[in-house]
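Okay, so chain A shows up in both of these, paired with chain B first and chain C after.
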Partner chain A sequence: MSTLTLREAPPERLDLLPITPLSLSGLSQGEAERLEIGTSRRGVRLGDIFTVSLDGSDTLTIEGGHERLDQVGAALSEGTLRVNGDVGQRLGAGMAGGRITVSGYAGPYAGSGATGGLITVEGDAGDHAGGALYGAKAGLDGATLIVRGRAGDHCGDRMRRGTILVGRAGAHAGARMIAGTLAALEVGDLPGFGMRRGTLVVGRHGALSPTFVETGSHDLVYLRLLARHLQGLSEAHAALLARPLRRYSGDLATLAKGEIWVAA
Partner chain B sequence: MPAWVKGASTDMDTAIAAAAELLGAARTPVIAGLNAEVSAIRAAYDLAGRVGASLDTLGAAGTYAELGALSRSGAMTSTPAEVVGRADAVLVVGAKPWSTELTGRILEARPSRGRAAGAERALMALGTGAPQAALTVPAEGGLLPGLALLRAHLRGHLAEASPTADLARTLAASLYVAVLYDPAEVGEMGVETIQGLVIDLNETTRAFSLAVPGETQDRAVVPVAAWTTGQAPRTGFGRRVPEHDPWRFDAARQVAAGEADAALWLASVPAPAPGWLSRIPSIALVGDASPEAAEVVIAVGVPGRDLGGVLWNETRGALTYWPARAGGAVAADLPSAASVLSRLTDHLAGRSDTAC
Partner chain C sequence: MATDLTLNGIRVVDTFAEAFDVAGTAIVVTNDTPKWAMIAATTMTGFATSVIGCGAEAGIDAVLPPEETPDGRPGVRILLFGFEPNGLKDQLIKRVGQCILTCPGTACFAGVAGPNKIKLGGAIRYFGDGFAIAKRIPDAKGQERRYWRIPVMDGEFLCEDSVRAVDGAVGGGNLLFLGRTHAETLKVAEVAVEAAAAVSGAILPFPGGIVRSGSKVGGRTKGMMASTNDAYCPTLKGRAGSALPPDCGVVLEIVIDALTSQGVSDSMRAGLHAATEIGERHGLIAVTAGNYGGNLGRHHYHLRDLLAPAGGQEG
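On to the complex of A and B.
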C-alpha cells in the first residue's frame, strides 16, 4: 500500500488529478515528489506537502485530508484510494472505475460526471454531490456514490446513470435528473424538480412541487430487485423499500417520466 | 489626482508602487467587481494574467444563473426595444422586474410592429402582484413551483381549472409573448424553467424571454471574458492558462476560506464595496473614492461622466461608447481605470515571471 501523509495544511488549493495508484506505480520516489499539484502562480509539488511512500501497488492511502484537496481520485480508472480525513471539490469527478473512500467531509461536486466505480463518503458532502458541473452534460453518469452523512443542496442534479445513496440530502435533491436512481433517508424541499426520468426513493421529504402527482401504491418486481441491489450497499436504504411506498410521477413541467417513491 | 495609501493621501506613483508591492507579494490574488468600462475590464484580465490572479464580478449570482441555464438548455431571448414594440402579452415573473424602468416603458406603449401591431397589451404577474397586472397568479409555494406549474399546464400535462390554467391559456392565445425576469431572483433552475416554457410556447405562437437590466456591468464582462479567455468571467490564471471554475473563483468564498491573500476591487462605475474587502490586504480602483475604502485607494474617472468609455447599454442591448459628460472632471484630473491597471501591470512585469 502506497501512502501520502499530509505534513502541513496546504497554503493553496491543490489539484490531485494526476495522483492515482496507477499513475504513481511507474514513478520513482523522486519523480512522484516532483509532481506539480499546486494551483497558484507559486506552485506546489507533491513532496512539498506530503511525505511520499510508494510500493507500486494498486492501493493508495492519503493520511490526513484537508478541505483544499481538489479532484481527489478524479482520474481513477482502477485500484483503491482511501483518504483518512476531508477532501475538497470534485472528489472522483469523472472517474471511470475503482474505489474511493473518504473518512471525513467531501466538498462540492463529489462524483460529478463519474462513469464507473464506487465512491463512499463516510462523513458529510457539500452541495451538488453527484451533481453536474457548470456546462457539463450530466452529473453522476454510471458510478455509485454513497454519502453516509448529510449531502448539501442539489444532490444528484442532472444525474444521468448510476446510483446515489445519501443519509440526508438538502433541497432540490435529484433536480433535473436525466435518469438513474437516488435513494435518501430524508430530502429537503422540491426533490426531483424538473426531473425528466429517473427514480427517487425517499424516507421523508420537504415541500413537493405541485407538478408531481400521486399515482398510488404499487408492489413492483422492480422494487424488490432494487432492494436486493441496495442491500449490498446500505441496509438502511434497502429497508426503505420494505416499507409501504407511495408513488409520485413527475416532473409534469418536463417529460414527466420520473418517479418519487415515498416510504410510509 | 486623489490616491491614498493606508488612509494617507499620496501621489499616483507611490500608490501604484504600493499596489504593485501588495499584489506582487500575494500567492492567490483576486480581482473582483469588474464594474467598469470595457477598456478597464480588458486591462484587468491582462493584469490577472500577469500576477496569476482570479477574477470575479459584482453581479455573478445573476450572471451564472443565466449562463448555467444557457449552457444546458439554450435560450430564446429578445431585446427591450423588440418587447416594447411587439409584445401583446408580457408575463412578469417575481418582484424585481416591477421596479425597473423597462417595465414602465412596456406599460406606457402598445405593440406597434409585427403581428400584434395595434393590439392591446396585457401584463400578467407570476409571484408578486402589481396593480398594473391584468392577471396575477400568486405562487404561494415560491417562484419555482409556480413556474413549473405554468409549464405543466402549457404542455397539457395538467388541466384542472385554476388561475395558472387561465394564465397558460392567455399566453398560448397571444401573438407575441415576452417573459420578464431577474436572473438573480429566480436562480438557475428558474431561468431554465422559463426558457423551457418559452420554447414550449413557440410550438404554437411566438414567445421570448427578457432578463431585466441588472445594476452591474456584467453584461460587458461576459463578452470581454469570452473573447479574452474563451471562458465565462470567473477565471483564474494561477497556472498560467485560464481556468474557468465558478465555485473555486467565487471571491467571497475565497476570502472566507482564507485562500485569497490580496484583492483588487475595480468599480470605476460606482458600486458598494463588499464587506469582505476589508478582511484582506486590498486595493480599490473606484469612481467614488474614499480614503478608508481599502489599503491602497486610487480614484479613477467614472466612464460616461468624467471620461469616455464603452459600457453595456441596456436600452439597445449592446456595448456602446459613452462620451464624457459636460461638467465632469477634466480628464487629466482623474486617470482612467485602464491606464492605472496597465501601469500596475507594467510595474509588475519587471518582477514577475508569470507572463501570460
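On to the complex of A and C.
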C-alpha cells in the first residue's frame, strides 16, 4: 500500500487530480515527489506537502486530510484510494472506476460527473454532492456515492445515472434529476424539484412540491430489485424499502417520469 | 435394421440422430406464486412444437425456487429456439408480448449469457406509450442490468431490456421407441422424457415431450416440406421401405433441443438409459434414432456413443 502523509496544512488549495494509485505506480520516489499539485504561481509539488511512500500497489492512502485537498481521486479508473481525514471540493468528480473512501468531511460537488466506481464519505458532504458543476450537463453519471452523514443542499442535482445513498440531505435533493436513484433517510424541502426521471426513496421529507401527485402504494418487482441492490450498500437504506411505501409521481412540471417513494 | 447393440437387454440400432444448428435463448419469468409463474410459462411455450409450423420450438427448462431468480420470487426458466436469430427475435417478442406481458403479476428476465443481443424489453416498452421507465440496477454479481418498467393495469410489467442468444444451440436430437402396445410404449416414452428433460439447458418441445407423427423430408404431394415417416408407421408394415419388425405395434419419438451440443447428447443419453431400464417390463422392442442420411444436419449423435452411462467414456 502506497502512502502520502500530510506534513503540514497546505498553503493554498491543492489539485490532486494527477494523484492516483495507477499514476504513481510507474514513478520513482523522486518523480512522484516532483508532481505539481499547486494551484498558484508558488509551484507546490507533492513532496513539498506530503511524505511519499510508494510500493507500486493499486492501493493509495492519504494520511491526514484537509479541506484544501481538491479533486481527490477525480482521475481514478481502478484501484483503491483512502483518505484518513477531510477533503476539499470535487471528490472523485468524473472518476470512472475504483473505490474512494474518505473518513471525514468532503467538500462540495463530491462525485459530480462520476461515471463508475464507488465513493464512500464516512462523515458529511457539502452542497451538490453528486450534483452537476456549473454549466455541466449532468451530476453523478453512473457511479455510486454513499454519504454516511449529512449532505448539503442540491444533493444529486441533475444526476443522470447511478446511485446516491445519504443519511440526511438538505433541500432540493434530486432536483432536476435526469435519471438514477437517490435514497436518503431524510431530505429537506422540495425533493425532486424539476426531476424528469429517476427514483427518490426517502424516510422523511420536508415540503413537497405541488407538482408531485400521490399514486398510492404499489408492490412492484422493481422495488425488490432495488432492495437487493441497496442491501449490499447500506442496510439502513434497504430497510426503507421494507416499510410500507407511498409513491409520488412527478415532477409534473417537466417530463413527469420521476417518482418519490416515501416510507411510512 | 443394422448391427445389434444392446442396453439393459433392449436392442439399440447402430444409427444416429441428425440435428441442426439453431438460434437459442433462455428467459426467466417470475410471479408471486409458482402457480402463476407456470401459467405464464405454459402459455408462452404453447404452439411451439416445431419450428417449421410454429415459428419456434419452446419449452420449460426448469422450475426455479425464489432464491434462484433475480427478484426473489418463484420462477420458471424457458428455452426458445428458432431457425435463425431474426426469426427467434420475432417469436420471442411476440410470445413475451402476448403471453408474459399479459399475465398478471409476471416479470421477465434474461435467462442465459451469450454473445448475441436480442432487444426484448426495449421493444415491448412501446406498449407503455411513452410512460415506460428504464432503470439500471446491478445484479447479485454486480453486473449492471437494464430493465423497462411498463405501466399496466395491475401495476408494472418489468422486463429486461435485452436478452442474449447463444452460439452453438442445437435442435433435433431424437430417439424413437419401438414398442408393442400403445399404453406400454407411451409409458416408456414418458420415463425417457422425464430423464431427458432433467438435463439443464435442454427441452423437449412436443406435447408431453413426445411426438407420434415423426416426419421425413418432402412427400408425394407436391409442395409438402415434410410428410409422415412411413418407414415407422405400423399400419404400413410389410411394405417395401418399412423399418419395423413384425412384432412392433407402435413407435413414439422424443425430440430434444438444447443450448449446447453437449446438452443434446446428455439429454439423449439420459432418455436412452431411462427407457431401456424399464423397457423389458413394458414391451420395448428396440430404440433407434431419426436422421436424413447425415447430409442435412451437422450434428450426429450416434447411439453407440450413448451406451456408456453419464460420465463414462464415449466411443
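Keep this in mind: the second predicted complex is superposed on the first by the 264 of 264 C-alpha atoms of A that agree within 3 Å, B and C clash if a C-alpha of one lies under 4 Å from a C-alpha of the other, contacts with A are read in each partner's own complex, and residues count from 1 in each chain.
To be clear about the criterion, a contact is a pair of C-beta atoms (placed from the backbone, for glycine too) under 8 Å apart; a residue touches a chain by one contact, two chains touch by 3 or more.
The structure displayed is predicted, hence computed values, not measured ones.
Trainee: Of the two partner chains, chain B (first) and chain C (second), which one does A:226 touch, if any: first, second, both, or neither?
Mentor: second
Trainee: Classify the contacts of A:197 with the two partner chains as first (chain B alone), second (chain C alone), both, or neither.
Mentor: Second partner only, chain C.
Trainee: As a test of reading the superposition: which chain, chain B or chain C, is in touch with more residues of chain A?
Mentor: B
Trainee: Given the touch rule stated above, what does A:253 touch, chain B (first), chain C (second), both, or neither?
Mentor: first
Trainee: Would you mind listing the overlap between the chain B footprint and the chain C footprint on chain A?
Mentor: No residue sits in both footprints.
Trainee: Applying the document's contact rule, which stretches of chain A touch chain B when the two form their complex?
Mentor: Per the touch definition, chain A meets chain B at residues 11-13, 38-43, 67-68, 70, 89, 108-109, 134-135, 158, 172, 175-176, 190, 193-194, 207, 209-211, 251-254, 256.
Trainee: Contact residues on chain B for chain A in the complex?
Mentor: 27-28, 51-52, 64, 67-68, 71-72, 141, 144-145, 147-149, 151-152, 155, 157-158, 189, 192-193, 196-197, 232, 236-240, 243-248, 257, 259, 352, 354
Trainee: Give the list of chain C residues in touch with chain A in this complex.
Mentor: 30, 70-73, 107, 131, 133-138, 140, 147, 149, 155-156, 158
Trainee: Please give the residue numbers of chain A that touch chain C in the complex, ascending.
Mentor: 161, 179, 181, 197, 199, 218-222, 224-226, 228-229, 257
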